[in-house]
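In the two complexes that follow, chain A is the common piece, with chain B as its partner first and chain C second.
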Partner chain A sequence: MRLLPRELETLWTLFTAPVVWALHFLVCYLTVAIHCAKVDPGASLAAIRFMLAVATVLALATIVLSATLAWRQWGFGTQEPPHEEPTREDRRLFQGFATLLLSALSFVSVLFVALPLAAIERCAS
Partner chain B sequence: MTWTISAPDETSRDRAGEEARLRAVWSNPPGWRYWTTVNNTQIGLWYCATAFAFMLFAGVLALLIRVQLATPRNDFLTAEVFNQVFTLHGTVMMFLFAVPIFEAIAIFLLPPMLGARELPFPRLSAFGFWSFLLGGVFVCGSIFFDAAPNAGWFMYPPLATDKAYSGIGADIWLLGLSFIEVASIAAAVELIVGIMKCRAPGMRINMMPLFAWYLLIVAGMILFAFPPLIAGDILFEMERMFDWPFFDAARGGDPLLWQHLFWIFGHPEVYIIFLPAIALMAMIVPTFARRPIVGYSWIVLAAVGTGFLSFGLWVHHMFTTGLPQISLAFFSAASEAVAIPTGVQIFVFIATMLAGRVLFTVPMLFGTGGLAIFIIGGLTGVMVALVPIDWQAHDTYFVVAHLHYVLIGGMLFPIVAGLYYYYPLVNARKLSDRLGKFAFWHMFVGFNVAFFPMHLSGLWGMPRRVFTYEEGTGLDVLNLTSTIGAFVFAAGVLIVVADVVRPKHRQPKEEFNPWNAGTLEWISEPEENWGVRSIPIIASRYPLWDQPELRAKINAGDFYLPDAREGYRETLVTSVLDAEPIQCLRVGGTSMLTILSAVALGGVFVATTFHWWVVAGVCGMVFIVAVWWWLWTGTGAIPEHVDKNVGLGLRLPLYVSGPASVGWWAMFITMVGDGTAFGSLIFGYFFYWTIHDDFTAGLPGPGWVWPSISLLLFLAAWVALIAARRANRAGSTGVTRLLLGLVLILDLSAAASALVGPTTTGMDRVVHVYPAIVWILLGWLVLHALVGALMIFYCAARSFRGLMNREHDGDLVNVVLYWHFLTITALTTLTVVGFFPALR
Partner chain C sequence: MILTLPLIISCQGEQSTLNTAGSEAEDIAHLIVVTAAAGAIVWVCVVGLMLFAAARRGEPMAEQSAGLVIAWGGVVLPASLLFILLAYVLFSMPATRPWFEKSRADVEIEITGEQYWWRVRYLDERGNVLFENANEIRLPAGRKVRLLLRAHDVIHSFWLPSLAGKMDMIPGRTNILWLEPERVGIYRGPCTEFCGTSHTRMSMQALVLEPQAFASWVEEVSSARKSPADARAHGQEAFLQHGCGACHAIDGTAARGRLGPNLTRLFERDRIGAGASANDPSGRMAFVRNAGAIKPGALMPAFPEINESDLRAISDYLGAAR
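Take a look at the complex of A and B:
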């Protein structure tokens, strides 16, 4: 059994990490919005915050996985950019590198979005 | 490379004959029929010119605003005219200039940049242009009849739903712009398919010009950003026209839903505007730094990253609406995060300039000047993304200053840079250096004098959108300064216009590629309409720098498709990742149908605005007939041979279906956009659920029985259609036709039974928002079922006429794809309206 899935020949892997960011963002926003509107606007967010912290860890883990796959596609960093040769190999290296960069950005952005969970305890001020 | 290349066959070459045939095939029709051309060069130029004209019109409106505000208690404009003027200024700049100008530039530039003859759907581009022109004239013209929209460019209800206040202007806004949004989505489909499938052989995704990368992302963003606005427009217009209370709080509606839908569109739109401008910079900077861009992958990171993050910012326009603070904080955090990829792009440009030897030409002046302005706007953006600062600055001139710094620095200046840079592709001549520099300094100084004081007037409490202010409030000098600056800025714009329109026939033509750029669009010859003489093989990001003799060989017809022997307009389709040739695509040529379709669809929107229902119905019928005719005569033709020798020893198929074909992709992309609009309506349903204890208000729902019956029928239709596709593939023509008939019956019965539930339980749409949102969802579903029925009818007709058979099943495969989306729509709608009220 292989630890990492086989490499995919597709453009779409580029978008994995940003899609994870988007899903995490939506989950955070929608959960809180529904909770604050439907359950009890004045209530504590403790349970929700814990749940979303778990979601954040899952999102970060998925992004790290995407980054690992990208790192492999990039040849584990043995090749330097700009990856501009007209070969399939350079195209793959470019995809790997760009995916890795996007994973890094998505990782930081997920952390950004999760920050309010650490600071805000209630729906209303 | 998996495809083989052999030397051109020199023995039988007749270059003059080849050129004559190509020229004839790609020529524009003579006389008045010139206007029926669909060639990307003409459509792109008309599109640019029209968008520019709208910009100048909106610029004049801006000057009227500034004259009115030059002195306190001024009576130059009445309050009502002022409201119309600023609303139209914002609307026109955003919808008729900022977004369309990039579709225009892309239609003009992309084919030569990608080494293609044409984009895959030239008639769709032409249709988009004519729709844009008609819709734009309709919206702009309203002000001459004192009927312009007057509730601000984002049309907030309840002000804009108040008919006594907003008159017909709001309808003109909603319907005119919905029409233009159709054109934008058409352009997005064209650009995505063009960039993914029509690149020259060898132009792998790591070699794509950055402009194409940006446009790909932007077109994808349009696909997810515009449909929520269309959904919002539908709800809004149903309220204005038929009193369905979507935004009326007294009957369970909520004005905030509009704000959500508007800004889910509106914030990504800022980046839809900004990214293509940066894309122009990514083409210009390497040319004048005389070296390849530093950090190509970083630019791709920034484009994709910004594209995604921009969808998580919309609530920062709604910080003062009383949402829970933790929700605000999520959006504040995402708004700060987007500064990262935005900054990356700016640093990439700075690094490229530092690493090269920069020539400070007019395009570079406008480019770098614009970026300097944009950075100031970006920094105030980081400020107002913080909730407490926004609470202070909201709806003041601080925000006006911020958004103009962002848009004029991040968009208008780069556009003018692009105009100066690419003008030789239009006319084989450069614009004037002297006038350009003169214009730049007027615009740069004028802009800062006009808009910098607005930061201060905003912080000192001057509200947006108010037609005057009191003396002695400390705002007099600031406003007068802004007005003076605005006129200096306008003088700069006027110089640019004068430079463009001044006669240049005495000016000698420039040599080829006058800036010595490295990218492929510079092989385009202004005198020729064929795009490229032959479709090259690309082996570099900057082929004109790195591939010697490329131009000579292209122009000698030494690459692919050097001839048009069969008299068709042809281009190559290549694979997404490695750009390996997979098809020789015949694209549509000159046609009246595009204009007819656009006029008919425009007629539907205009007639609806004035409640001329019969006219709207007739126009709708004409539109359907025109589109039918267009598809019937212009798409899916069975070629005279299975494949064709495209040159260099390569034979490619002339007909493909399914995911290999451009039509399948276009359907897929269109349906993704359509699905987003549907998702926005579903969002509306659940939005009402969240804001009420009982969102049904005790009113009866459609029940679960009829929705279940309808759902089963929809699923049966789906299965029958898939069976029809299989039967067709197996060559059983009779069975295929029978199954298509069955699909038609099942589909229409499904649509009818979807409406039985709410009809029998007497759900009254005007009483409360619950019945209204259920009716809208079911109406959306039924409309799609009817369009589906037309498609089935079309396939059946093609089959009977022998135009669709076992080997040529593209129409049917695309309809099946449509049906997958229809089935998801049916499943979601009917489960939600049928079962959710009982579950909650």
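Take a look at the complex of A and C:
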């Protein structure tokens, strides 16, 4: 049995990376907001920052995996876009290419979302 | 020359982010310059590329090099630049919005936004009210000031552009803002969250004093508060007789109202009605006669029944009341 299927003929793979980005965003912001609302103003964020750094690495790894699968689906860059013919092959390549671009966007966005973790040390009222 | 005038004018004055007089404001001004410069560089590059592309009309680029230009110029470069700028902004946050332990405050002041004025209370180390004032705050230069920002009725926003960034005042919440004024002077702060009809007539003045001058002022006001004021015969009598004391307090007298601004040492303030009009006899008399005409929506009623002589006496009394 293969860990990863040879080919995914579904539109859902297209959304994997943006969904990871959205979840990562929610986890980061909600965790910090709830933590800071429940503790004293000025409380340290050290433990939360470590946890969210781990969440960020996991999110980035998932997005890289999604991008790798998309790269494979796109034929490892051997095909040129725009893949606009009404054929099954072009649909597959188009989906792979779009997924790859969305993965790149999500990767950068997750980094942007995580950047405050490096700068913010504690809650402030 | 004329085109640069707005720029030059906006860099001066008592209410400018670029005319800095506090450490946070300095960092904010720095942030503005860096981000504006980066934005200008990006703009010049984009427009330059556009002109370059327009000039190359009829000479198409090779497909591969066009792809490289799009990938680097359209994806890698903007993403990296934004990343660097975002990192710079985030790392400057501790300086632009500092946070300290409460014990590090040299001065603590509670400011409450009300429609359409500011209630100012100076607190002692234990958080008790030393004395109350309105629409003007005095701060010592080179000291850490902890402001407790509150709102009585609707959301207001506190902003002294020359000293620090702005912070909202929200009913039911206490927001903490730290200030570190550095330069002695007078600075103006408008209410920056629409709060009703007279929102634009709600401003405050911040006087940054030398630490010794500030300490002696606090001492003077606190001690005067405890001793009875000299009854400036007619003026104080008229003030109390017409019921002004029901809403306004003048420390050391029978006027102990808490609804409106505390009028103790009104002579110190440059303007009355939170910046609405000048603090001179005609300004004071017009305000007492019909505050709503100067400040629409103000809670203070009109007093058409007060005769001229009493009105003048009240104005003179307020102009001198300590």
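Here is the rule we use: the second predicted complex is superposed on the first by the 119 of 125 C-alpha atoms of A that agree within 3 Å, B and C clash if a C-alpha of one lies under 4 Å from a C-alpha of the other, contacts with A are read in each partner's own complex, and residues count from 1 in each chain.
Convention: a residue touches a chain if its C-beta (ideal position, glycine included) is under 8 Å from a C-beta of that chain, and two chains touch if they have at least 3 such contacts.
In this text the structure is predicted, and so the values were computed from the model without any measurement.
**Student:** Taking chain A as the common reference, can chain B and chain C both be placed on it without clashing, or not? Answer clash or fit.
**Tutor:** Overlaying the two structures gives chain B and chain C room side by side.
**Student:** After the superposition on chain A, what angle is formed at the C-alpha centre of chain A by the C-alpha centres of chain B and chain C, rounded to the nearest 10 degrees?
**Tutor:** Placing chain A at the corner, the angle measures out to 70 degrees.
**Student:** Quick check for you: in the superposed arrangement, does A:G42 touch first (chain B), second (chain C), both or neither?
**Tutor:** After superposing on A, A:G42 lies in contact with chain C but is clear of chain B.
**Student:** So, does A:V32 touch the first partner chain B, the second partner chain C, both, or neither?
**Tutor:** first
**Student:** Touching A:A124 in the superposition: chain B (first), chain C (second), both, neither?
**Tutor:** both
**Student:** Which holds for A:L115: it touches chain B only (first), chain C only (second), both, or neither?
**Tutor:** Both partners, chain B and chain C.
**Student:** Determine, under the contact definition given at the top, whether A:F94 touches first (chain B), second (chain C), both, or neither.
**Tutor:** In the superposition, A:F94 contacts chain B only.
**Student:** Per the overlay, which chain contacts more chain A residues, chain B or chain C?
**Tutor:** Touched residues of chain A are more numerous for B.
**Student:** Where does A:T78 make contact in the superposed view: on chain B (first), on chain C (second), on both, or on neither?
**Tutor:** The answer is neither, since A:T78 touches no partner chain.
**Student:** In Å, how small is the closest CA gap from chain B to chain C once the two complexes are overlaid?
**Tutor:** 5
**Student:** After overlaying the two complexes on chain A, where does the chain B footprint on chain A coincide with the chain C footprint?
**Tutor:** Residues common to the chain A contacts of chain C and of chain B are 41, 108, 112, 115-116, 119-120, 122, 124-125, listed in rising order.
**Student:** Write out the stretch or stretches of chain B touching chain A in their complex.
**Tutor:** On the chain B side, the touching residues are 196, 202, 204-207, 292, 295-298, 300-301, 304-305, 307-309, 311-312, 323-327, 329-334, 336-337, 340-341, 538-541, 576-578, 690-691.
**Student:** Over in the complex, which chain A residues touch chain C? Could you list them?
**Tutor:** That would be residues 41-42, 104, 108, 111-112, 115-116, 118-122, 124-125 of chain A.
**Student:** Can you check the complex and tell me which residues of chain A touch chain B?
**Tutor:** 9-11, 14-15, 18-19, 21-22, 25, 28-29, 32-34, 36-38, 41, 45, 81-84, 86, 88, 90-91, 93-95, 97-98, 101-102, 105-106, 108-109, 112-113, 115-117, 119-120, 122-125
**Student:** What residues of chain C sit close enough to touch chain A in their complex?
**Tutor:** Contacts found on chain C: 75, 79, 82-83, 86-87, 90-91, 93-94, 97, 99, 101, 174-176.
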